[in-house]
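Which chain is which? They are A, B, C, D, E and F, in the order written, and residues in each are numbered from 1.
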Amino acid sequence: MDNSNNILLKNVTLLSQLSEEERKNAILGATMPSIESLEKIVELVKRIIFPGFFDSKLTNDDTRYYYIGVNMEELFSLLKTQLKSEEKTISFIERIPELKRILYTDINAMFHSDPAVTALSEIIFCYPFVQAMLHYRVAHELLLLGVPIIPRIITEMAHSKTGIDIHPGAQIGEYFCIDHGTGVVIGETCIIGNHVMLYQGVTLGAKSFTFDDNGTPLNTPRHPIIEDNVTIYSNSSVLGRITIGHDTIIGGNVWLTNNVPPFSKILQSKAVATTFTDGAGI
Amino acid sequence: MDNSNNILLKNVTLLSQLSEEERKNAILGATMPSIESLEKIVELVKRIIFPGFFDSKLTNDDTRYYYIGVNMEELFSLLKTQLKSEEKTISFIERIPELKRILYTDINAMFHSDPAVTALSEIIFCYPFVQAMLHYRVAHELLLLGVPIIPRIITEMAHSKTGIDIHPGAQIGEYFCIDHGTGVVIGETCIIGNHVMLYQGVTLGAKSFTFDDNGTPLNTPRHPIIEDNVTIYSNSSVLGRITIGHDTIIGGNVWLTNNVPPFSKILQSKAVATTFTDGAGI
Amino acid sequence: MDNSNNILLKNVTLLSQLSEEERKNAILGATMPSIESLEKIVELVKRIIFPGFFDSKLTNDDTRYYYIGVNMEELFSLLKTQLKSEEKTISFIERIPELKRILYTDINAMFHSDPAVTALSEIIFCYPFVQAMLHYRVAHELLLLGVPIIPRIITEMAHSKTGIDIHPGAQIGEYFCIDHGTGVVIGETCIIGNHVMLYQGVTLGAKSFTFDDNGTPLNTPRHPIIEDNVTIYSNSSVLGRITIGHDTIIGGNVWLTNNVPPFSKILQSKAVATTFTDGAGI
Amino acid sequence: MDNSNNILLKNVTLLSQLSEEERKNAILGATMPSIESLEKIVELVKRIIFPGFFDSKLTNDDTRYYYIGVNMEELFSLLKTQLKSEEKTISFIERIPELKRILYTDINAMFHSDPAVTALSEIIFCYPFVQAMLHYRVAHELLLLGVPIIPRIITEMAHSKTGIDIHPGAQIGEYFCIDHGTGVVIGETCIIGNHVMLYQGVTLGAKSFTFDDNGTPLNTPRHPIIEDNVTIYSNSSVLGRITIGHDTIIGGNVWLTNNVPPFSKILQSKAVATTFTDGAGI
Amino acid sequence: MDNSNNILLKNVTLLSQLSEEERKNAILGATMPSIESLEKIVELVKRIIFPGFFDSKLTNDDTRYYYIGVNMEELFSLLKTQLKSEEKTISFIERIPELKRILYTDINAMFHSDPAVTALSEIIFCYPFVQAMLHYRVAHELLLLGVPIIPRIITEMAHSKTGIDIHPGAQIGEYFCIDHGTGVVIGETCIIGNHVMLYQGVTLGAKSFTFDDNGTPLNTPRHPIIEDNVTIYSNSSVLGRITIGHDTIIGGNVWLTNNVPPFSKILQSKAVATTFTDGAGI
Amino acid sequence: MDNSNNILLKNVTLLSQLSEEERKNAILGATMPSIESLEKIVELVKRIIFPGFFDSKLTNDDTRYYYIGVNMEELFSLLKTQLKSEEKTISFIERIPELKRILYTDINAMFHSDPAVTALSEIIFCYPFVQAMLHYRVAHELLLLGVPIIPRIITEMAHSKTGIDIHPGAQIGEYFCIDHGTGVVIGETCIIGNHVMLYQGVTLGAKSFTFDDNGTPLNTPRHPIIEDNVTIYSNSSVLGRITIGHDTIIGGNVWLTNNVPPFSKILQSKAVATTFTDGAGI
């Protein structure tokens, strides 16, 4: 016990002394938002936009009003604390009906793309893509209001639950749809049109960065522009500030770093097929 | 505060009025299953099938009987409430010993495929693939009993935790095995034989849909048939109602939309290698 | 109710009788570590290494000492119970300052690779990669101390949350960095140098196994060696005991099973582009 | 372990076999109300009657409406389940405004009787007597609606928290007040007028019972009638179907089993005082 | 902040240094039983003795066995940890059927004494006296097994909830009954016969103590002996090693420090009654 | 449902409209302290004063410092929020060592008065009197600092748990001791010397009030003064601004409203004893 006590005490002392680098971060860290509050905030927006789905109680026409009122009141209070600005909080709340309208375009797009689904309510209730889009669209609104860090935390919450990683800075049109979704990455400076469909594992990423004189990477447009009516199949990587023209299909597992004109089809070059003559290996 | 109150009140009123589209969904939403109960249900099946692993207490031969009895009783009660059918509940419970038998074939398949593992119990205790298969096999049984929506919710639970997305409608044989698993997608009409092994990121998906006259996609067979003894390496996309013949190996990162005869090997066409002569870019 | 009772009772009896195979596993299962404790253990290490970030309270220079002391004391107590060895617990605690130093190299590497980030604290607070590396580096230390199973459980916790699956046995250098991360797999016998960067969906895996006479796969070196200053883009699969030479870039969606010399660039062979002349299919 | 197992198994078997007496009770027991729901029900009534006091949020004139609406909706739902009658639930809810009016008379009575109090809100917020009266008045309404058992459970909840034991059958007028309260007992057939004040430890109880031929005690009027403007000091026992006339004061520690005319003062006969001449005893 | 920091730091240091007196107590304190476990232990005994009353589920003849089995197993495990003795744990468990038999005598006594009650199950479900007797009878058994401190903690739990304070050392016969109960105190060396009934506020206490040469009070018989068929009304104090003869009634608010022969009735001397001629005072 | 909806809606509207009386109270109510925080505050003081007793971990000489530091830090933060004053918070914290000293005098007094106790630690760990005194002494300090309402809430917490109701304004000396305690009431203007012992059910209360012209009772000295070395037995009521002289014993069940000189013994006048000649009644 003596030895263990010595090492414990020594390391407690050692680890309590911050370096200059840590000291700076520790101060920032201490003022970080409350993840618990942010989760509650997104949950409240979800309950306001989809009344009756996630509340524990059936709400009829009379009582729905009470529930949305209470949820709105708590949203207002929690969000104001996190944003430290009543003005931004009000601006966000003003946008909720529009958020609802856009999310319904996404849900309708999925309804018309998935033969397995039987009702809109099934999509709302159990598709991870709805979670991801709700988080992204809330986060994007907050980013437009100039809120720092919080938008990124909100999309990371969806990333952890759904495997879909959308940077809140990305610009995404209506009737957007991601099927299955695990592994999808959409970068900060992406611009995506309407009626775009992505499958799992698709990356819309950066190919390379520009650095300043100190070696710090510069935040310049570096992710793709995807025009209207584009479908990208599973696991393809579309990188760099390129443009994928409208009405295009990109097959799966493609590595794509150049512009594509409208009405294109892009497929991986054909796989090599042999039969077994040499044992079990590949 | 006045202004904020006005906007809150206005939006509460606005968002309390449902459109026709929402009204229809809201009714369905209100009768949605309890996710909390479904999580408990799968947990109880897990404790019944793997006694002593996830209960907080060591159960010896005498007392195991009590624990399985209580778990079975609670499973019966919770499931009956969710299925709204005692008959289907009983039918499901009758199938549990068979579910256990099949899950053990999956676990044994993994045991013989992973050099890193030292005991069956290690697989049961910490491999995400066991979680995913437990959820899928429970959900598939419920689907066969004609239960709506709930099977899909159950597989989405596993999807969120493991990144493995198996549609409950897929038909999967014995000694099935998924290593690592993140990003795996197995579509609704897949038929998979015995002794099949998938690696992370593999998609067994649809290539295209057939639509009815209203533009609604038709739920027809549209996913691959994988015969016995097939291995598919990481990130490959196998799409459409094609057949992958038995005793075949498909390498990683392949885009495959055509039939493959038995005893095949399919590899991506060879990558292009250069050395650096032109700076850091790719 | 009679029938349901009969089937319940029958299956309770049936499922209470263990096969020989299960009996062996049940014993192991009953002595499995507490997942709840292991989650608390990693959380405590995180709070000790990044004081002020995840504690609910701002800790100033005087009071930080109290918090780290309490966290260290609880870490000691929980870890000793799980490891069943005070000696190994002490050895682990001795390593925490070194763990902190290395994690800061990883965080700095990310800071210099992501134009979207504005401060180290943002990375610490919300990047899933930090979670994954914290879990891996803790697990790797425990593996070096000869602790069974627990290291694997710890990395699976990170796998579930981040989609990043790093085997605790892998050897990973300093200034390591994974962006986005979902779908990354790093195998047990990988050896990774310094300043290596991986993107989402990258597999550093095994190509094939060697079996002993009983058909049990042998645990031999079977995963890649990645030298210093290598970047691998999204979704590529690098398999087998091959060496990727230093200062190399591997593009995305590549299937790579052979050695690569230093200063290489490896890209997928060019995709096939057409325009639409034949309807919507691919 | 063998011996312990034997005794455990033997007693499990023994205790699982119910006697006839138990069997009858077990059936009743199984349909007992949910104590958790009843606690929530009283809490909801409290929040409806005293808005802004026990909700976590300040409710202004606009938003109070939402909170009371949600609380009323949940009260309706929980109470209907416990009462197994929508009609009785509605009847109870109709009475809430009257309950509120009467409770405010009690609170005002206390305000004018306790020099230590500075505001009505202090009484509402922290006097155990308010808890006790809220529980009693709710329970009494339910009793009047013919609800079995539940009223008694509700007053026992207050008994446990405050030490005040009021039978739900007692009839208690307005401007009623109990100070401190621990040990107060008010029996089932008590009739209490307006402006009555009790101190801690006062019993309004039965002196004796009438039995039927089987020795079962008969539920006849057996507790006191207390007329208007009566004060009873601490620890007095007032027993039997006697009448305490209006405008009477009863001192503390009195044993009283006979009628008392109006405008009386009743005191314990004077205590015997000596000084010490014989050591420490009494 | 500087000043506040100084005082915090100073007091942390000061309060961390234990006096000799504290040091001795701290050691004992650290090995104190777990109150949380003891609460669970009594709860388990309650569920075993009254199956179907406090479990959330109706248990029929088949499944009751499972529930009692699991509860017994958990009782065994928790109790063994707290008692630090398997032998004493087994001895206690052996006594449970006898505990059940005696508790039913108490419940039956109440049933025949309270005109307000309609069924045994109502007493079991909501009378605080049952809680108090369960705790006391469990604690008394543990005391007989030589277990230190724990019995006292268990009766204090009931004291806090019911206001009934029974020392675990008291000896109490069958068909014992306490109505309402708040304020009842039964001292360590009391001996109580069968068919005894106490009302709220009754004290069976010590009148004076004998001290040793160091001034430490000696633990000698110092509380009353109550023979069979005695009833004591509310708030009476019966003190010292006196005997209350069988078939006696003691009225309320009596101070009694001498022996009472069988078949006695003891009443407070008559109260003094006046009418008001001199204002509001008493 | 229609009717039920109508009544719900009507009552929601009705109950949302506050009377003037309520409006005033609602505003006060909304700024009421957090009961949850106050409970945590008293708990932290308890852990600081009795280290090692109520923390889940044994703290040795080295690590006790960490725990007290963290507890002090959290106390400071919570208390500052509740008191809305850093200055008062610091003043309270400065007093903790003195609070500890006085509480130990109370505990020692109990140790020398109760033959059933075997160690100081048993008193600290399980005597309700310690809880009551801790709450009172904390509340009294806060009252001296001019904190409104909170002191009263704190003593009511102890009242609910222990049945002991001490007004925070009472002045209580050292070596004070309450045995059993249920039903004890100590009024706001009491002054109690050293070495005073009370038994359960003792009231030190007011006899009558003085009113101002509006009928509001005036807060004047109205409770007893108890000098040093006084013992008062169970259930006695001592009322009014009288003085009980030092070295006095007051027996149980006494009604006392006049001064008592030092060295007195006061007993209830002797009870009336008869034997049964007239049936079961009293």
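Going forward, a contact is a pair of C-beta atoms (placed from the backbone, for glycine too) under 8 Å apart; a residue touches a chain by one contact, two chains touch by 3 or more.
Everything numeric in this text was worked out from a predicted model, so none of it was measured.
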item	value
Touch-network distance, subunit A to subunit F, counted in steps	1
Common touching chains of subunit F and subunit E	C, D
Centroid-based (C-alpha) most distant chain relative to subunit C	D
Distance between chain centroids, defined by C-alpha means - subunit C, subunit F (Å)	55
Per-residue overlap in subunit E, given as positions that touch at least 2 other chains	8, 12, 59, 63, 65-66, 68-69, 72-73, 163, 182-183, 201, 233, 235, 251, 253-254, 267-270, 280, 282
Contact pairs between chains, per stated definition	A-B, A-C, A-D, A-F, B-C, B-D, B-E, C-E, C-F, D-E, D-F, E-F
Subunit F residues within the subunit A interface of the complex	5, 8-9, 12, 60, 62-63, 66
Residues of subunit B touching subunit A in the complex	3-4, 7-8, 11-16, 18, 21, 24-32, 148-149, 152-153, 156, 159-160, 163, 165, 167, 169, 182-183, 185, 188, 201, 203, 205-206, 209, 215-220, 222, 233, 235-237, 239, 247, 249, 251, 253-256, 260-261, 263-270, 280-282
Touch list for subunit E against partner subunit B, complex	57, 59, 63, 65-70, 72-74, 77
Residues of subunit F defined as touching subunit E within the complex	48-53, 58-59, 61, 64-65, 68-69, 72-73, 76, 86, 89-90, 93-94, 96-97, 100, 104, 112-116, 118-122, 124-128, 161-163, 180, 182-183, 199-201, 207-208, 233-235, 251-254, 257, 267-276, 280, 282
